[in-house]
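Got a structure here, written out as structure tokens. Questions coming.
Naming follows writing order (A, B and C), and every chain is counted from residue 1.
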Amino acid sequence: MHSALNKNGDIVVPRESSLVWHDIPDEEFEKLDQSAKQSEVVLRKSKSYWQDAWSRFRKDPLAMAGLVVIVVITLAAIFGPIFSSYSYEDQNIANQNQSPSLEHWFGTDKFGRDIFVRTLYGARISLTIGFVAAGINLVIGVIYGGISGYFGGKIDMIMMRFVDILYGVPDLLYIILLMMFLGNTLESILIALSLTYWIGTARMVRSQVITLKFQEYTLAAKAIGSSNLRILFKHLIPNSMGPIIVTVTFLVPSAIFSEAFLSFLGIGIQVPMASWGTLVNDAIPSLFTQPYQMLFPAIAISITMFALNFIGDGLRDALDPRLKK
Amino acid sequence: MVGYIVKRFFASLLTMFVLITITFFLMHSIPGGPFSPAEERKVPASVLQKMEEKFGLHEPLHVQYVNYLKNLLQGDLGFSFKQLDVSVNELIAQGFPISAKVGLIAIGLALLIGILLGIVSAIKRGKWADWTAMIFATIGISIPNFVLTVLLMFFFCVMFKLLPTYGLTSWKHYILPVIGLSFGPIAYIARLMRSSMLEVMRQDFILTARAKGVPEYRVIFKHALKNAIIPIVTYLGPLVAAMLTGSFIVERVFSIPGIGRDFVSGIGDRDYSVILGLTVFFGVFIIVMNFIVDILYAIIDKRVKIEE
Amino acid sequence: MHLLQVQNLRTTFRIDAGQVQAVRGISFYVKKGESLGIVGESGSGKSVSMLSIMKLLPQNAELQADHVQFNGQDLNQIDQKEMRKMLGSEIGMIFQDPMSSLNPLLTIGDQIVEPIRIHQKISKEAARKKAIDILRIVEIPSPEKRLKQYPHEFSGGMRQRVMIAIAISCNPKLLIADEPTTALDVTIQAQILDLMHDLKNKMQTSIVMITHDLGVIANMCNRVLVMYGGTIVEEGTIREIFYQPKHPYTWGLIKSIPTVSTGKREKLIPIPGSPPDLIAPPKGCPFTARCEYAMKICEKIPPQQITLSETHRAACWLMHPKASGVAKEVTV
């Protein structure tokens, strides 16, 4: 009679074979040690929320491509102008309206300024505005929305009524008015964007905080006597970080767009400084004769917006557990 | 329901009031602007006198504000500073019908194509149709409208010389401005519709419909679509706003004599009274639109709990 | 021949983390006119197995079966579109949560009339009359008025009555009820169960009742399947399951029924531990980790189904002759 054990020590039982059914060794019917049993429960490696999100983000080719593009553009914006022999404001009438060449990669404008360098400077301005405005709005939005949502009641009602009043009118209208009032500087743009953009973030943070504040860990924190602010900033805000990051990520391209829009209308960055919006605007009169003057800055802003939107989409998919299949 | 409408009505009035007030005081406190005290400006005395008469600039600011509100209540938005015989009301009377026509066509197109793309994308989730539609939608959201408009002009008017560059005299003139206005909203609506549709398709009542033996096309078009389209209604307000800000660009690039162009030239000329008047008009227009959309939303979605 | 016969059904879901083997080779049958209970905790595969048969699973699900036959028709041979024609007419289904199972934007009338019109091809007016009759059967007062109302105007219990009305509107041969009372208040639960009990007696429908509560099954069903970890661990008539249960999991389920009727203050005994991970299901018996009587063999080889009577089957190593030592310790 052959052994019912194979070389791994596993028992081989052909289905419905009554012969082997009776051949299982007696010791196999000894009771399992209950404590030993517990340890054999196989646990799949559990990942934290952020590890999980990052592994999903990494698998998204578009989002990763976007990230690479933004890193490259940022590095080019920081270091590019240093290695160029031209500056954004040097005028050279002898060199005006030159087509792209090895000398001037993107050509020159009607004042003979190098468009490549001006586009890189545009990147500096756009990226600065995008990230600084998003950062400021993150802070204002989180504090405003957090307080409104956490304290609720009258405070919430008054704070949200104020937000609702501002919310009814398009951002750009307020921003245009503020720019007329503040004048055309980089700082004014940042102020104007900061005064308007936080509204969306605040609403989102508020609704997150409201859903989280009745969860058990909040009640537990309250029970052990944590202060309100501590609960808000140690428990509620960190737990809403996913959606907050997604919202703020989308603020970056919006801010870049708003600046370019204002500059295009002539109330953004002023000459001789260059922004992508001004570069496209300045190129319109020569669209028929020197289209490249418009094309390069237009492509630059489009690629940047693409990359940022792909990153935002990727982050949203990675951070929103609802979409987890 | 009536209580809700009344509440929304007063909230809208309040928003209008705040907008008008902010705009008025911002425009009147711009340093060196035409509303600022006379000594700051270098304007011929005769012109100055005429302006002061017309605008009551010699009065204290709060009196001017009250007068402005009084005139507003009678529908009078004031006169242009640069062309003293042109009133903002006249600008609107001439320009608004033109802007509205282009805007309405663009809204229709955006809703039609956006919703269709969103549905196709949702029901073909993960297939090539979904991919194509969503890449197209990301393009639409990413490319700024002014870049798109200038690019459209470059390709269709400069390179291939297929379409006219300015004015609004034939149907051909409408093509590029309408595309320029609706491209971004199409993309936005398509994405919104797709996620809304996917969300609805996950709902229990879709399973119920399938379990009743309802054929899949009917599950999609009768049960899912009706529910999925509700978020689109909430986008109608922002959609009108997008048409408005879009018109600043499109009307300027294609020289369309609408109020968007008037507004942009007002900014260029620092014609503060035109900016003030048009901002108030735009603001009130959008607030009224939002109010209508809110009511519409409440009617369509009977589930909206009208309380608070 | 049975109304429904299923042989070796397996259903898996593809997710990011891997393949979830929700149903792992189950075989069962439903006789004409009988009501079959399927008990098990959430994730044991009871709902998924029924949805698999109805071809109502999401796209990331894959199913295989050696044989599925309903009313003489081989369901392996027909596609989803064909299946739809049988759903609502020959198979009716009642879901767990009446609050979310009705379309909020359609009137109750539209939702009841819809399957009647699709399957019976009768006029709008005739379908409406029929809908009114059905609402009467499920004991909804003033049905004419109620037809024009929307789901949000109904209470949870009333909505579940509407769901039942939809499910029975075309006199199905098989009625599947997926935890029809779980989402309801206790008093409403009893009313809905009474209604289903009445319907069962009035109509000649076979019923499959999915639940995690053996108590519900006791007064509704003829036979019971006990599912655990995607497999059927025991199967038998009500008498067999309640009076001669053979599987330790069934013992646990019986112990966890609160006995209100006896009036005795008995302690409610939950089954300790949590259900197995179905992405990497255990090699042996899925219940090993939570079983008081687990033996070495249980971890290594899945137990075979042992036939105890014409209707009673169970899969447990305790029934092996060599397990008598451990089996002696069993106290039920």
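Heads up, the rule we're going with is that a contact is a pair of C-beta atoms (placed from the backbone, for glycine too) under 8 Å apart; a residue touches a chain by one contact, two chains touch by 3 or more.
None of the values given here were measured: they were computed from a predicted structure.
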Maximum inter-chain contact count - chain pair: A-B
Most distant chain from chain C, judged by the mean position of its C-alpha atoms: B
Between chain A and chain B, centroid-to-centroid distance (C-alpha), Å: 26
Approximate Å spacing (C-alpha centroids) for the pair chain B, chain C: 53
Chain centre separation (chain A, chain C; CA means) in Å: 45
Complex interface listing, chain B residues touching chain A: 11-12, 14-15, 18-19, 22-23, 26-27, 29-30, 138-139, 141-147, 150-151, 153-154, 158-159, 238, 241, 244-245, 248-249, 252-253, 264, 267-268, 270, 272, 275, 279, 282-283, 286-287, 290
Complex contacts: residues of chain B adjacent to chain C: 125, 203-205, 207-216, 223, 226-227, 301-303
Residue ranges of chain A touching chain C (in the complex, touch as defined): 10-11, 13, 15-16, 21-22, 24, 26-32, 34, 37-38, 40-42, 44, 56, 324-325
Chain C - residues contacting chain A, complex: 15-17, 60, 277, 279-280, 288-289, 293-301, 304, 317, 320-323, 325-326
In the complex with chain B, residue positions of chain C that touch it: 54, 56, 59, 80-81, 84-89, 91-93, 95, 97, 100-106, 114-115, 118-119, 150, 152, 163, 166-167
